[in-house]
Structure formats: C-alpha cells, structure tokens
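Once you've had a glance at the structure underneath, I'll fire off some questions.
When the chains are written out, they are named A, B, C and D in that same order, and each has its own residue count from 1.
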Amino acid sequence: MDPIGKRRWAIAEGYIPPSSPDASYELKSHEAACILNAGDRLAQIKITIFFTDREPAGPYLLTVPPRRTCHLRFDELDNPEPIPVNTPYSSVIESTVPVVVQHTRLDSRQAALALLTTIAYAD
Amino acid sequence: MDPIGKRRWAIAEGYIPPSSPDASYELKSHEAACILNAGDRLAQIKITIFFTDREPAGPYLLTVPPRRTCHLRFDELDNPEPIPVNTPYSSVIESTVPVVVQHTRLDSRQAALALLTTIAYAD
Amino acid sequence: MDPIGKRRWAIAEGYIPPSSPDASYELKSHEAACILNAGDRLAQIKITIFFTDREPAGPYLLTVPPRRTCHLRFDELDNPEPIPVNTPYSSVIESTVPVVVQHTRLDSRQAALALLTTIAYAD
Amino acid sequence: MDPIGKRRWAIAEGYIPPSSPDASYELKSHEAACILNAGDRLAQIKITIFFTDREPAGPYLLTVPPRRTCHLRFDELDNPEPIPVNTPYSSVIESTVPVVVQHTRLDSRQAALALLTTIAYAD
C-alpha cells in the first residue's frame, strides 16, 4: 500500500495516571501512542519527551515493521529513562517514513474508566 | 451539495473491547467509523485492517449512497474475516469520492460507559 | 481580531442519546457543535443533517455575532424539523465567514457521565 | 530541535465544570490547554477568551521556555479577570514562535471522572 501519513508528529498533552494496582493489563491506567506504518518500508521511530521544568528526555528508539501498527504505551518506555507518573509531559515522534500517530489514554483511577483520543498534530 | 472531505483516511487506534453481554445494542461496547458522503455520487469504500504481528486483513468493501452517512461498526465486519476482539489494530479507509471519516468508541466494560472520538487522519 | 478558521466544516459522527429525565440542563445528555466566530463580521450559518436512510434535513439557519461563540445543541434544533434521538446522523456546517467548529457530546445515560470531543473536519 | 507547530490556535469548546470540593488537585474538574514549545526560542503566548453574550476577555499573557511544555489550567487564569465557571467559552491562543496546542478536560462532577481531548485548530 502507498504510505500514508507524515514523518513528524507532536502530542502536547501527556500524563500517566498513578497506578491502578488491581486492574488487569488492559484496564490499567495507561497513555499510548498508536503508530500505523501502512507502507512497505521499515519505520525507524525516535521519541523525545518534553517536561515543564527540566530538559527533554530521550531519544527513545523503536521500529515499526512495514504494514504493521504499534500501540506504544508510554509507561513501558524505560531506555534511556522511565517517564515519571503523575507528571505532565509532551512528546514529539519522528519517523524515517510516513506514519500516522493517534494519542489515547485510559484512566481507571476511579470506579469507571475514562477514555480520550485524538489524532496527533503533524507538521 | 458539493462533496466535502478526502479519499484516503487512517485511524491508528483500534480496539474492540471484549463483549458486554447484558448491554443493549446501543450500549454494547463497540468501535465505529462514521463515514459521511455529502456529495451526489455513490462512494465505494475499501477498508484495510493492520495488526501488530501479522499481515493486514481485507479488503472489506462497502458502499455509502449519495447524501448519506454510514456508522460502521468494526465488530460487524466479517468478510473476508471478523476482526478479533481485545486486539490492537489500525485501519485505512479508501473511497472513490471525497468522504469525511470520524472514529468513535463506546466502552461499557465497567459500570459506566466511556467514550472517545476523533476526526481521522486524511492525507 | 483577524478571523480564524474555515467556511465549511463536517462532523461525521452524530447521535443524540435518549433523554435523561432527572438530569439538570448541564448534565442532560446532549450533542453540541461549538462555533467560534473570532472575527469582526457576523457569521451566517447553514447546517445540513445527513442520515443513513433518508434525504438530508435542513437547512437549519442561525447567526453568530462578531467576537462571539455559540455552543449549539443539536437537540434544540427544530426548524425545519427536530433531529430524532437515538439515530445516527452527520452534519455539514457552512458559514459566510471563517469560523472554528468543535464537536462535543455529553452522555449521561448511565450513572457517570461520558464525554467526547474533536475539532471538526474543515476542507 | 526544529520548532514544530503553528503560531495561531483556536479551541471552540470551553467549559469549566462547577467545583468538585472533595477532589484532589489532579482529580478536581478542570479544563486545560497543553502548549508544547519544542523549539529553541522562548514562546510569548497571548490568550483571548470569547463568550456567548459579551465582548472577549484578555489578553492573558504567559511564556513557555524553549524545550518545555505548559499544561495551562483555564481555571487558574486570573489576570485581567478569572473565567467564570459553568459558562460556555472559546479561546484563541497566539504565540511568537511555533507551538502545538491540545485541549483537555477532566470532569469529576459525578462519581466517575470523564475525559475529553483534541488537538486544537491551527490556521
């Protein structure tokens, strides 16, 4: 398939809710970036995390194979450093080939879960 | 009306929650793509589904008549194959005429429903 | 202020939940289009509603004064006809001057409310 | 990093829910604009608030340092005047350098919180 998307994306809102210890993996609070690589070439991805009061963290490196999607959970990033919970952040996602990025959060801090999503911003 | 929209759309986030057996049709967990064809020509739609660890599924074919909207539920697609529940996926939606695509999920796994929506990404 | 926005917008997802009789006005289930006219000229707005299985309804006509916002509830439209509840629809919003349109729903059918929003699609 | 974003953004939907007195700071109902300045120059930000039935409020002035993000809560703006709760409004956000703006609300008026988000509209 012809590639679809852009090579540079930003998510201005970022926040990993504190842990929900009794929840299953799917229902645990989490923040994700879904990255679709619909084309036929490997996507090399570089993520930079921005904070309110310190220099950015990263780069976090990963790959998305051709014709595959990656539902990346920010709370699972740990190299070069984990992202702190309960802390506002933003992210910039750069790719070597066009991809589509969508931001999603599941928050299960309270009795019923809450969801949000948006297509990220692409230059 | 003059057509509005684009011919090629992507939704990077996709997830059909496990079933909510006691819910009514409207309150059952579901994932939908709302496709508006505001113009005066039939839209022939082709959907491709991307996964994390296997080749894409599809094409799923449907039509949206002129001046009509289609609220497509991904859990009702079954030709060439149903989309598995509880599995991350992404979708690319291609149309022969301009359409507008919006992604929505209703999640009723817990006591209170949760909702998300975003206009999809168009090249 | 210089005007910001576009003259033609689409919201592909539309659904007015059935009534929540005990709710206050603010907490009653509703579907809204927020229309910002940041410029210095009156915006004359024309809304057309698209359905799954019948011809479109409308036009619904309204105005948004200069430097004002309008949080339009779709369940309050009644001329030329009300929009049925519990029925999927889409909308196209046309303006004589640039405006910005955002789609929001509050769903209070269950014990806890759910919210969704997205900036609408602009050509 | 090369700057990413635009200099002029609009959020058509705005609403600060009435207070949730027992909630912690993080779980109190709030409306936020997350502003990412990924570039290497200070962003001087000017916010104007639009209402249904009066002239706009503002300008509200703030800065976002280079390589920083700002999760601005609208209920904390108070100069030149606070934004009233339970009142629909819209906002225009102007910056001297490119930034990315995302709109988020957390509503905890009821037993379980609700969330919404969208990338704002950029000209």
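The rule is simple: a residue touches a chain if its C-beta (ideal position, glycine included) is under 8 Å from a C-beta of that chain, and two chains touch if they have at least 3 such contacts.
Listed by chain with UniProt protein names: A, B, C, D = Sensory rhodopsin transducer.
Fair warning: this is a prediction, and the values are worked out from it, not measured in the lab.
Its C-alpha atoms fitted onto chain D (Sensory rhodopsin transducer), chain C (Sensory rhodopsin transducer) is found rotated by 90°, rounded in steps of 5. Under half of the residue numbers at the interface between copies chain A (Sensory rhodopsin transducer) and chain D (Sensory rhodopsin transducer) are found on both sides, making the touching surfaces mostly different.
With centres defined as mean CA coordinates, chain B (Sensory rhodopsin transducer) is found 22 Å away from chain A (Sensory rhodopsin transducer).
Between chain A (Sensory rhodopsin transducer) and chain C (Sensory rhodopsin transducer), the centres computed from C-alpha atoms are 30 Å apart. The residues of chain D (Sensory rhodopsin transducer) that reach two or more other chains are 111-119, listed in rising order.
Considering their complex, residues 1, 4-5, 26-27, 32, 34-36, 38, 67-71, 100-102, 104, 108, 111-119, 122 of chain A (Sensory rhodopsin transducer) touch chain B (Sensory rhodopsin transducer). Looking at the complex, you find that chain A (Sensory rhodopsin transducer) touches chain D (Sensory rhodopsin transducer) at residues 8, 10-15, 48, 50-53, 55-56, 86, 88-90, 92, 103, 105, 107, 109-121, 123.
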